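Each of the next two complexes has chain A plus one more chain, namely chain B in the first and chain C in the second.
For the complex of A and B:
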């Protein structure tokens, strides 16, 4: 289902106000009275604004080499399990930095998504639903852009930092929510193109051009207003505001020591950009780390890839925590699926969705908790089995939404999350 | 399996002689210098010893992770045998030490022929995987290399660290001593081969086996490396085995290759490839004293190939039951041991 018209009516407009279980009003009212408190107010508002960071480990990271190690078993592979900052919880030795932040993290070890295809697994983990011929569901990023975003935020509601690709907008991600909530990809962490005003264009001329465009748009919209035209118009306003925030995309503004803490490789740079964007008011930032599709040489490749993941991720958690933002930022570490407990003849692990794990942290999450359990060799879930629908409910609940609510599209109620599932209470604060 | 002084070797007549089974996939294998035993390292963290005549199987238990690297040091120091080369024709049956190394960074030393072997000593050797071991020609020094980018030299008698050789910029995959006793050769993930002057503890020169390495931009990962390395007995030829032409790192789509160097000049003498297309990695290589080169591969099945140094294509190949993961030559020069994914060490005869 596509969005045919975004009229802003109460039926269509699923506002933050309608879904937040907690209110900002008290804080806003009290702080807004005193202009002298403005910096503190901005800081406080930023802490109150809820946001999401998704780290996407592309290709299917191995649960046995991350969150659910099984050393000394036939399926365990060569790595050891190491203790974490939470007594009794162990993770794979490939995550020494993350292990020391386990008190921030919750592990879901009972995941059975029953979907071993890359594309379908990707869809399921982004939407909380299986693909259906007659229905396209919005990505979590688009849902959050809709529910958490505000119209005066110049940053795109759903920002995707990819290690490659062409960048740009992918409207399909937003489905019926409309293109305004689509993902905007920053290829290789580069800022959106043309953020700087052309040198030959004066500020005054630029303003005149802007005003003329608004005039023409308003005339056009009187008779031909659609969700697409509205998004088109909005994108110009957003772009103008975005140009004023272009420094957010420039990690060279950070001290060299900070860049070094994250690492000067792509994922390190992208995590640092994510922190700058989240700190600068972004609603949903997804950082993709590729690749984990290790049918061959699973162990060598996980050494390399997780060696790149571990420290920047831990640094990002630290920075969010130190800035007081972690409590209002939901952090997700996801993948399309896990990898087979069985080790194939090429030292590889194949696709495996029957018993795997993810990690959560931050907003609404009970740090140091574990939900679900797998058997001794990791081939099956033995306790607390959940699927992608449960995860989607959990994310929404962690952000303070009632996940049983509906979107209303043309007065038709559409459940935001799969009605057959429910939040995973063990990992919620 | 008694050593014979004058073997009649014909690789084209290679055939399966014996099979020894374990219940876990194997990673590496070596004959001991006496030629009485074959040892293998396994994914269940065990080292397995089989007596070649009786087939008696003994587990050497003590490692904390997978074991691939195996090397022997004879106490009297007559004949030595490193992981990747120094193939000799020792007839000695003197007591010797087996060194085995695991992916938890530890090296264990065992009395190799003892009835119930227990580790004589343990070295906390590397941070991360130990990839290969070699023993010096005079038997006094053990070399190890690993994922911490280091090559280390150890005293065989007491296990003390003699020297730490830093210079590789990535995981070090293999190490061998040159028969001159003055040089050590190490090779890494990126196909960089370093020749070390042992007296100075410094890099003397580098050889280029980068054809065995690729950074796959699609998967954003390094693939390849020198998976096996061997020297001819006279030290004139050096062979490095691995994978090349990689088009898909994570599916292992590439072809086995052995880079044969003229050791003295450091130049590539030949690139040895399978005549019949094969997808996978060359996991083991040995140089036979009579002049041919044998290699094994695993990928879409297993293969054994034989080359002559002056021809890029193999002159004989044999399809193996499953993926081969390592190869060694018996001291008698008549038999090959191959370690397999299915848990077997199979002994192949090279005799007519």
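For the complex of A and C:
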């Protein structure tokens, strides 16, 4: 039977004091963070802005061709394992650049998410929860936009760079947090919609019409100002601020040598844009690399895909590190699931979630660490088994949050992360 | 008995006299009793209450609330110039029986019932038409709900009503949650696993009592009909355990409403349980259907939650906030701001046999509805923060336009509607105009609407501001076209007449002297690009807070 653990009794580890504090704070808004934790969050924010980079390897990357190679076994495939910058840790030879940044990376090799469906795996890895009929959970990106973002920041809190498809707001991603925290997709790295002033409108005329608007507002709001009218008038200020940041979405502003370092292909360009956005104050950037769903010709496809992934990813880590941003940027390399140890008759690997791996780096992460182990042919987790809930706790902990806290929706406490799971200590700094 | 009763009622009247100058008797029209209840709740009511709404405020408000758009400049002129004292009531009665009202209220009911879920099984157009014709015929709310909860989607005559079930995949937990929220005003979601730990009134047994109406039903694609329909088994009992109960005691329940009595279920002879037995690719129809019982059991005048819920929701629609707030958390620890008023409204709507039109009319006739949204002067400026709280209803609340109101309002304000009406000529029926303009609404729903499956909530985001400021939609509507706003303004050589036309068209009121001067200065500063200056000025008013809110 499903339970959202959404009711906040003592059985759900919520203090009574927290309840009363919230009941008092409830009038401030339908949705607020636990007021007991809020000052701490704000304090941390002031001290150091934190941000998140998620690389999403769409379709399900093979753990055997990346983070947990099993060369020389029946399931291992043709590739060798190579040493990395951390003695004792080996990764697949398809990741030579990344291997040299292993001292920044942590590997979680004991992942068992028990979900082999693309849609459900996607949901699980984005929300840390399984799908439930009557409850939708917010994406990590929305949670981070809510917890890490600042209302002064005109950049969307959760930016998604996709190779193609429709741009725009995916309002469902934020679930109960509200569309403000939903992902904004930049299709093929194009700037958000309507960011450019219409061609026929001069800058001076734009200025004049806004002044007229502001005068009209002042008159109306003299006797009718509310939080909602404030939010509405403020949205135009934010729009203007984002228009001034237009160049962040334009990688042609980068020197050609830099573009070359990232690679002149979609993923390279998108990684470069991610760096520009993170540098420019973005809170959460997700870059999608597609497609790893290698039911056929798994090995050829991984040569191709990882050949595209490896260098831009390593370059992005270097750039973040060189700019002093890596320590405050949590980096995640995720997928819906891994791929079967068994090699099928088409030289493919199928969907597999019982023993697979992900990689983490940056903020709050112990570089060069490994948690969990699989058996010799990679068919089962033998040590440190974790699921999507543990990952969600780990991300939040790495960012300095107490992952056992709640969101409050109309006075209902809702645990930010699955209360049945806990952070993975081995990979945390 | 007689003398004491007379004495009691006299005493009652005297008590009323003592608290308020306006004595209202129990058989007075509902709108008077509403005003009495709102006034009586505040000892300092006279000091706090805003002035009555001006004709212009009332006109814009009643148009948006009942037809989802604003009036034309011509209608506004005529109404503002009309000296007759009964003009508000006359307008109200005209709007309530207009085809525009039926069209708009169908959209309101659609958003309420479907919460912008995507269409998979029943086309949106058919569903809207079902709701529109229901509103046009003033179908009572209880009847509408019974139709929706009783349809299994197999009979072509009633199939469209099954959209409520079908688009929720007939998932019994999702349906239990949404039926409790939308029809009973009680969000029982937490009670799926245990009694609500914070809300004493919400019990796990209530949840599973509702669930038991639906747990035997499921969505199947019927091969013969080639349609998704509900199929129902003749067996399947509901048992549940509280996750907090260490003993894991299993409880069971048959179908029953929260607080309602258990329903008697007939005993069906073995072997005769099905009218149509389940087959691969076919639907099953049991001789005794629990699903069929839900509508008639729930949608009843003697179901307190049912009548409170609809009274509260219609009140919120008109007044900007539910007496119970949030709308789906009606329970004793979250009492209504005016408990007796809610009881009065709930009893009234049930007594008028769930006549929504008559009920809306009473709300709109009240002084409470017809108060200004301007804060009284004594609360302005440095007194800000001292103003009466929104639950007092002493000042009309600002309501952000819904995506639909924003779209239709902008179409009217920019004169797109006028231009289309002109282009249609003698064929400009409400239906013809609607079908020409309706496709324009989708980008507004996408940009301003709540996500599927979530109750509407106001949010002001920069992508919305960019959509209005730089996007092609509004910009296109501000391009001159015969009969539209910019076209009309461009033809006016007298600046003052132009400014009047602009304010009447966009803000449904005359411009003030200050505004006339400001607008004239704006145009005077741009003599060389007057056509674009007109667009820019019109845009500024469209993007103003005054336009964005129903005030």
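Everything that follows uses one rule, which is that the second predicted complex is superposed on the first by the 346 of 429 C-alpha atoms of A that agree within 3 Å, B and C clash if a C-alpha of one lies under 4 Å from a C-alpha of the other, contacts with A are read in each partner's own complex, and residues count from 1 in each chain.
Methods note: a residue touches a chain if its C-beta (ideal position, glycine included) is under 8 Å from a C-beta of that chain, and two chains touch if they have at least 3 such contacts.
What you see is a predicted model, and the numbers here were worked out from it, not measured in a lab.
Once the two complexes are laid over each other on the shared chain, residue contacts for A:420 go to neither chain B nor chain C. In the superposition on chain A, contact of A:215 is made with chain C only, not with chain B. A simple residue count on chain A separates chain B from chain C, and the partner touching more is C.
Look at A:346: by the touch rule set out above, it reaches chain B but stays clear of chain C.
By the touch criterion defined above, A:228 reaches chain C but does not reach chain B.
Using the contact criterion defined above for the overlaid structures, shared-chain residue A:136 touches chain C, although it does not reach chain B.
Contacts of A:193 after superposition: chain C is touched, whereas chain B is not reached.
Shared contact residues of chain A, touching chain B in one structure and chain C in the other, are absent. Touching chain A in their complex are the following residues of chain B: 24-25, 43-45, 64-66, 102-104, 128-129, 147, 171, 218-223, 249-252, 280, 298-299, 322-323, 341. Of all residues in chain C, only 171, 173-174, 176-177, 189-190, 192-194, 196-198, 240-241, 243-244, 326, 329, 373-375, 377, 380, 384, 398, 400, 446-447, 449-454, 457-467, 469-472, 475, 512, 514-515, 518, 522, 525-526, 529, 532-533, 536-537, 539-541, 543-546, 548-549, 551 touch chain A in the complex they form. Contact residues on chain A toward chain B in their complex (touch as defined above): 59, 72, 74, 78-80, 163, 266, 290-291, 293-297, 299-301, 303-305, 343, 345-346, 348. Residues 1-4, 6-9, 11, 19, 30, 133-136, 154, 156, 168-169, 171-172, 174-176, 178-180, 182, 184, 192-198, 200-201, 205, 208-210, 212-213, 215-217, 219-226, 228-229, 231-236, 238-239, 242-243, 410-412 of chain A are the ones touching chain C in the complex.
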